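When the chains are written out, they are named A, B, C and D in that same order, and each has its own residue count from 1.
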Amino acid sequence: MTLRDEPAASTAPRADVADSRGPDAPTLSTISRSTYLKEAALKNLFLVCAFVAVAAVLLIFMFVGYRGWPIFAKTGLAAFLGGLQWQPTAEQPQFGILALIINSLIATLGGLALGAPLAVGTAVFLSEVATPRVREWVRPAVELLAGIPSVVYGLFGLLALRPIIAQASGGLGFGFATAWIVLAVMILPTIAAISEDALRSIPSGIREASYAMGATKWQTIWRVLLPAAKIGIIDAIILGMGRAIGETMAVVMVAGNAKVIPDGIFKPFLTLTTVIVIDMPYASGDHRTALFGVAIVLFLISMAFVAAIRVISRLGGEQS
Amino acid sequence: MSEKLAEHLAGAPSGSSQPDKFAVRKLEFYYGDFHALTDITVGIQRHAVTAFIGPSGCGKSTFLRTLNRMNDLIPGTRVEGSVMLDRQDVYAAGIDPVDLRRRVGMIFQQPNPFPMSIYENVAYGPKLHGVKKKADLDEVVEKSLQRANLWKEVKDILGRGGLTLSGGQQQRLCIARVLAVEPEVLLMDEPCSAIDPTSVQKVEDLMAELKDRITIVIVTHNMQQAARVSDYTAFFLQEKVNEAAELIEFDRTATLFTSPKDRRTEDYITGRFG
Amino acid sequence: MSGRRGVIDKRVTNAAALAVIWVCALTTVAFLGSLLLYVVINGIRELTPAFIFTWPHGVNMEGGIWPTIQSTIYVTVLAMVIVTPVAVLAAVYLAEYAVQGRLVRTIRFAADSLAAVPSIVMGLFGMALFVEGMGLQFSTLAGALALSFLMLPIVMRTTEEAIRAVPKYIRWGSYGLGASKWQTVSRIVLPAASPRILTGLLLAMGRAAGETAVVIYTMGTMIAAPVSPLDPGRTMPVHVMLMAMEGINLKAAYGTALLLVIMVLAFNLTARYIVRRNRRMQG
Amino acid sequence: MSPLRARAAARTALTLTLLGALMLSALALAGCRRGGEASTTQLRVQGSTTIQPIAEMAKEMYEEAHPGVTVLVAGVGSSAGIESVASGSSEIGTSSRDLKPAEAGLGLVDTPIAHDAIAVIVNPANPVSGLSKAQVAAIFEGRIKNWDEVGGPDLEIGIVNRDEASGTREAFSKIVLGGKPFDPTAAVLPGTGQVRFVVAQARGAIGYISVGFVDKTVKALSVDGVEPTEANITNKTYPISRLLHFLTKGEPEGLAKEFLAFVLSPAVQETVVREAGFLPMGGEPK
C-alpha cells in the first residue's frame, strides 16, 4: 500500500486560484415553469397514446354493438343465440346462430385437439430435445409458419388438401375434417412459440436436480418440466383457441358453408366467421344487422379468452 | 457517537479557508420501507478527491447517488436531512434535478457509452444544453477528449462507434462525455472495477489532473486505490443485515489509513473483515 | 425398488417418448415444407416480370397483378405511418413513465384484447366506423386505419420490450449529464431501441400485408392502383381469396399467393436479420 | 444558461407542433369525403359475377378506344350491383336476374345484353347424362340423395350450391325449383369456377353454372332431353335459361349511354359475349 505523504491540495489556501465556481458559484436553478410544463405535456401525450388501445377496444365494441344490437332487440337474445335456423332471406326471416356457434366450437376444438399436442411436442423438442444446430433450423421454420397469411392456408386447404379428403371420403371434401387440419397447422406456431417460452423460462437448476435423481429425459419432461410450465402452456392453448375461433379466410375456403350442423365430419358447415364472409356481399337490412350481431358474439368470445388467460395467470401466480 | 463525529467533522479535517463543496447533514435514506442510510453528516472538500470505502452493500454508492439525486430515478426512494451544494439544499422544493446533474456529473462502474459514435457521445451533453454550431461542438469534443487523455487515441476515429473501444477507453470516453458539460463535481461510482489494470492507471492519473478544477468523489472497494488517489476518505459500514448503514469515520486519507480512530475502521483496512 | 426391469422399462419409455417428440417437430416442419413447396411449385411459373408489373385484363384477370401489389404496399405503409407514432409513444409511456397500477393494468388488458379481436370483426368495425361512419367509402385510408388497429398491440408490445431491453446504465449516463427525461428517451433510449422497434414494425407490417378480412371490408375489392389515400384498391390477399373463391383463374391465385408469401417472408427475414446483426454488434 | 434553455424549449415546441400537425392532418384527411358525383372520365360498373367477364372485356376495349376514360368494374353479385346503381355508388349495375318487385320502384332502367343458360354439371366419370327438370329439382331440394335413384350408380349425391349473392342461384332457384328451398346441407360455394372445380374432382357431385363456363373438366347434363347447345338456347327449348341485364338509374346518359351502346354493338356482341360463353342478343326484338 503506497500512501501519499500529504494530501495533495486540500489544506492549501485556495483563494488565489482563479475559479469561477468558488463560493459565488451559480445557484442551483429551480425547475423552470416551461420545463415542467413541457415534460408534463409530453407525459400526458404519451398517456393519451397509451390510452388509444383502450379507446380502440371501446370503439370496436361500441360501433359493432351499435350496428348489431337492434337484432337482439328484434329477435330476442335467446332466439338469436339459441335458434337453430339461420334463414335471413326467407319470407319469415330467422336469425338463429346456435348452429353456427356449435360449428365454430366443433371446428375450433377439433383443430385444437390435433394442433395442440403437436405444438406442445414441438415446443418440448425445441426447448429440451433438439441440438442447437437442429433448433437453429426448426425454430425459424415454426416462426415462419406463423407469418404465412391465412388466405394462403386457405388456398392450400382448398386446392391441395380438399381434393385429397374428397378422394378419401367420397364426398366433396368440404367439412370439419379438412378444417381441423388447416386450423391445426395455423394455431401450431402460436401455441408452440408461447409454450417454448414457458419451458425455457424454467431455471436449468430444476432440470439438473431431476437428472441428478436418476430421472430420464422423458421423466424430467413429463413429471417436472411440463407441470412447471403448465400455466404458460394453458395460456398458449387458449390463445390458439382464440385464433382458431376467429379464423375466417382459411376456414371459409374449406368449410363448404352449409348453414346446418352437419351429420358427419365430411359434410359442409358454416361458422360464426364464415357466415359474415358469405353473407356480407348481399346482406341488407336486418340481415346485415344480424351479421354485426354475430360480430358482437365473436368479439365477446375473444374477450372472454383474454380474460380467462388473465385469471389463469393470476391463479398460477398465487400458486407459485 | 454520531453527534461526536459531527462535531469532529465540523472542525476537522477542514483546514481549508473555503467552505465545503458539499455539506451533508443528518441524511437518512430509504428504499421504500428499507432504511438504507442513517445519520450521515459529512463535508466534501472543494478541489480534492474524496474516497468512499467500505464493504460491498454498505451504502456508499447509494450515498454517492444522493449527491446528484440520481436516486430520484428509482421509484419509492426517500431522503431526509439536507445535502448542501455551495450552501444550497439540493433537495429543496423546486430544485431542478436535471440542472443539478449537469453540475454534478457522474461516472458509473460499467462504462456506458451511448450506442453512437465517439464524437456524438462527447457532443451529446453540449447539444442537450443548446450548443449547436459545428465549430463549437468540434472544439468542446476535442478539449474534452484531451482532458480525458483520450484525444490521441481516438482523434482519427471519431466517427467510429463508442462501443468499439476497449473497456478502459470506453470509461475515459465516459469521462470526456461528462467533462464536456463542464461539471463542478465529478461523482465516480467504482469507475475502475470493470476495466483492465493499465487503464486503471490512466484513469487514476486523470483524476489527479482533474482535481485542480473539479471536486471529485470516488466510491471504491479497493483500499489501495483510495489510498493512492484520494485526499480524504470516508468509511461506511452496515453493521447488521437489514439495518441502516452509517458513516463510521471520515478523515484525511493519510490519517485514516495510518491511524484510524475507530476500531471498526482499523479492522476493515487491515483486512479483518469485508 | 423397481430393479433391472424397471430400468429397462424406463429406458424404453424414454426412447419412445423422445421419438414421439421428434415426430411432432418433424410433422411441423413437414407441414411448413409442403405448404411452401405447394405454393412455390404452383406459383413459380406465373412469376414473370409481366405478371408482376402489368395490369390484369380480360374475363378472368389474366395478365399481371401490379395494381394489387401497389394497393398492398400502399395500404401497409400507410397503416404503419399511422400506427407508429401512437404505438411507439404508448410503449414509451408504459416502459418509461407509467407506475404499475390499475391504469397500466387496464391499458395492458385493452392491448391484449385488441390483439385478440378476430380480424373479421375488425373488418366489420372498420366498415362501420371508417367506411360508413366517417364517410371514407372503400379507400386505402379506411383500410390503413383499420389495419392500424390490428397493428397497434403488436407494435406496442414489441416496442415496449425493445425499450425495456435498453440497459439502465445507459439511461443513467444520460441523466448523469443533466439530460431531462424526454431528452434521455428521445436521444438515447429510442435510438438504442430502434433496431428492435423496427423489427416489431416489420413483423406487424408482414401481418398487415397478409391480412384479408380487414381490408376486404374497408378498402374494397375493386382492381385499382390507388394514388390518393381516398382511392379504393384490391390488395394481394384479397385478390388471392377472390381468385380462389371464383375458381376460374387459379394461376393468378397461385402466382399472387407465392408473391405474397415471398413478401411476408421478406418482412420476417429482414426483421430476424436486424435482430441478429444488432445482437452481434452489441457484443 | 437561459438562451440555451430557450433554444431547448424552442426545439421541444417545434417537436410538439410537428406531432400536432401530423395528427391534425390525419384528422383532416379522415374528415374529407370522397366526391361521389358522376364523372365524365370515370364509369363505375358493378354487379353480377356472371356478367363480370363481359364487363371486363368491354371495359378494356372501350378504354383502348377512348383514352382518358376509366371504367372500373367490380363483380360483387347481382343484388349488390342493383343496390349500388340505385344508391349512386355506380353508374351501371349489372344483374343476371330480373328485378324483384321490391326493386321495381327504384327507377332503374333495364337493358338486356345477352342470353345466358344454366348448365347442370356432373363429374365426367358419372354415367348419368340427362335428367328431367323435376329430377334436378328433387336433387337440389334434397329429396333424391343417391345417384341410383336416377339411374346412376350407388353413390351419394354431393350437392354444390351457389351463395345467395349469386344471380345464377337466383335464376336456378326460380326456373328449376320454383322458389322452393334448396337442401340446406348442400355445400355453398361463392364462385362459378369453384363449383366447376369441385364438381370436376368429386365423383358424386352435382352443381350448376352458366353454360359459358362449362369446359371439358365437367359434363353438362341434358335437361328434359334437351342439350344445352347454342341453338337450343336461342330458340328457348333448353329450359334453364335467362337474360343478362345492364341497369341504369333513369334512362342511360353520358358515358353510361355510350358504354351501353358499345356493349350492344356487334363488335362486342359477336366477340366478347361469345368468348365469354354467352349468346348475343342478335336482332331479336326486346
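As a working rule, contacts are C-beta pairs under 8 Å (C-beta built on N, C-alpha and C of every residue); 3 or more make two chains touch, one makes a residue touch a chain.
Source: prediction; values computed, not measured.
Trainee: Go through the assembly and pull out the chains touching chain A as well as chain C.
Mentor: Common neighbours, chain A/chain C: B, D.
Trainee: Measuring centre to centre with C-alpha atoms, which chain is farthest from chain D?
Mentor: Following the centroid criterion, the farthest chain would be B.
Trainee: Would you mind checking which chain's mean C-alpha position lies nearest the centre of all protein C-alpha atoms?
Mentor: Chain closest to the assembly's C-alpha mean: C.
Trainee: Centroid from C-alpha atoms only, then distance chain A to chain D, rounded to Å. What do you get?
Mentor: From the centre of chain A to the centre of chain D is 37 Å.
Trainee: What whole-number Å value describes the gap between the mean CA coordinates of chain A and chain B?
Mentor: Those two chain centres are 48 Å apart.
Trainee: What whole-Å value do you get for the distance between chain B and chain D if each is reduced to the mean of its CA atoms?
Mentor: Inter-chain centre distance comes to 79 Å.
Trainee: Based only on mean CA positions, could you tell me how far chain C sits from chain D in angstrom?
Mentor: Measuring from centre to centre gives 33 Å for this pair.
Trainee: So which stretches of chain C touch two or more other chains?
Mentor: Chain C, residues with two or more chain partners: 85, 180, 182, 244-245, 250.
Trainee: Any chance you could list the residues of chain B touching two or more other chains?
Mentor: Expected reply: 98-100, 103, 128-129.
Trainee: Which residues of chain D are in contact with two or more other chains?
Mentor: Residues 1, 5, 12, 19, 76, 189-190, 194 of chain D touch two or more partner chains.
Trainee: Can you list the residues on chain C that touch chain B in the complex?
Mentor: Those in contact with chain B are residues 99, 167, 169-180, 183, 187-188, 191-192, 281-283.
Trainee: Within their complex, state which residues of chain A touch chain B.
Mentor: So the residues of chain A in touch with chain B come to 1-11, 13-15, 17, 19, 21-23, 25, 27-32, 35.
Trainee: Chain A touches which residues of chain B in the complex?
Mentor: 13, 15-19, 45-49, 85-88, 90, 92, 94-96, 98-100, 103, 184, 208, 211-213, 223-224, 227-228, 231-232, 252-254, 257-258
Trainee: Write out the stretch or stretches of chain D touching chain C in their complex.
Mentor: Against chain C, chain D makes touches at 12, 19, 22, 26, 29-34, 36, 49, 52-53, 56-57, 60, 72-76, 89, 189-197, 213, 275-276.
Trainee: Can you name the residues of chain C that touch chain A in the complex?
Mentor: 10-11, 13-14, 17-18, 20-25, 27-29, 31-32, 35, 38-39, 42, 85-87, 89-90, 92-94, 97-98, 106-107, 109-114, 116-122, 124-125, 128-129, 133, 149, 152-153, 156, 180-182, 203, 206-207, 209-213, 217, 237, 240-241, 244-245, 250, 253-254, 257, 260-261, 264-265, 267-268, 272
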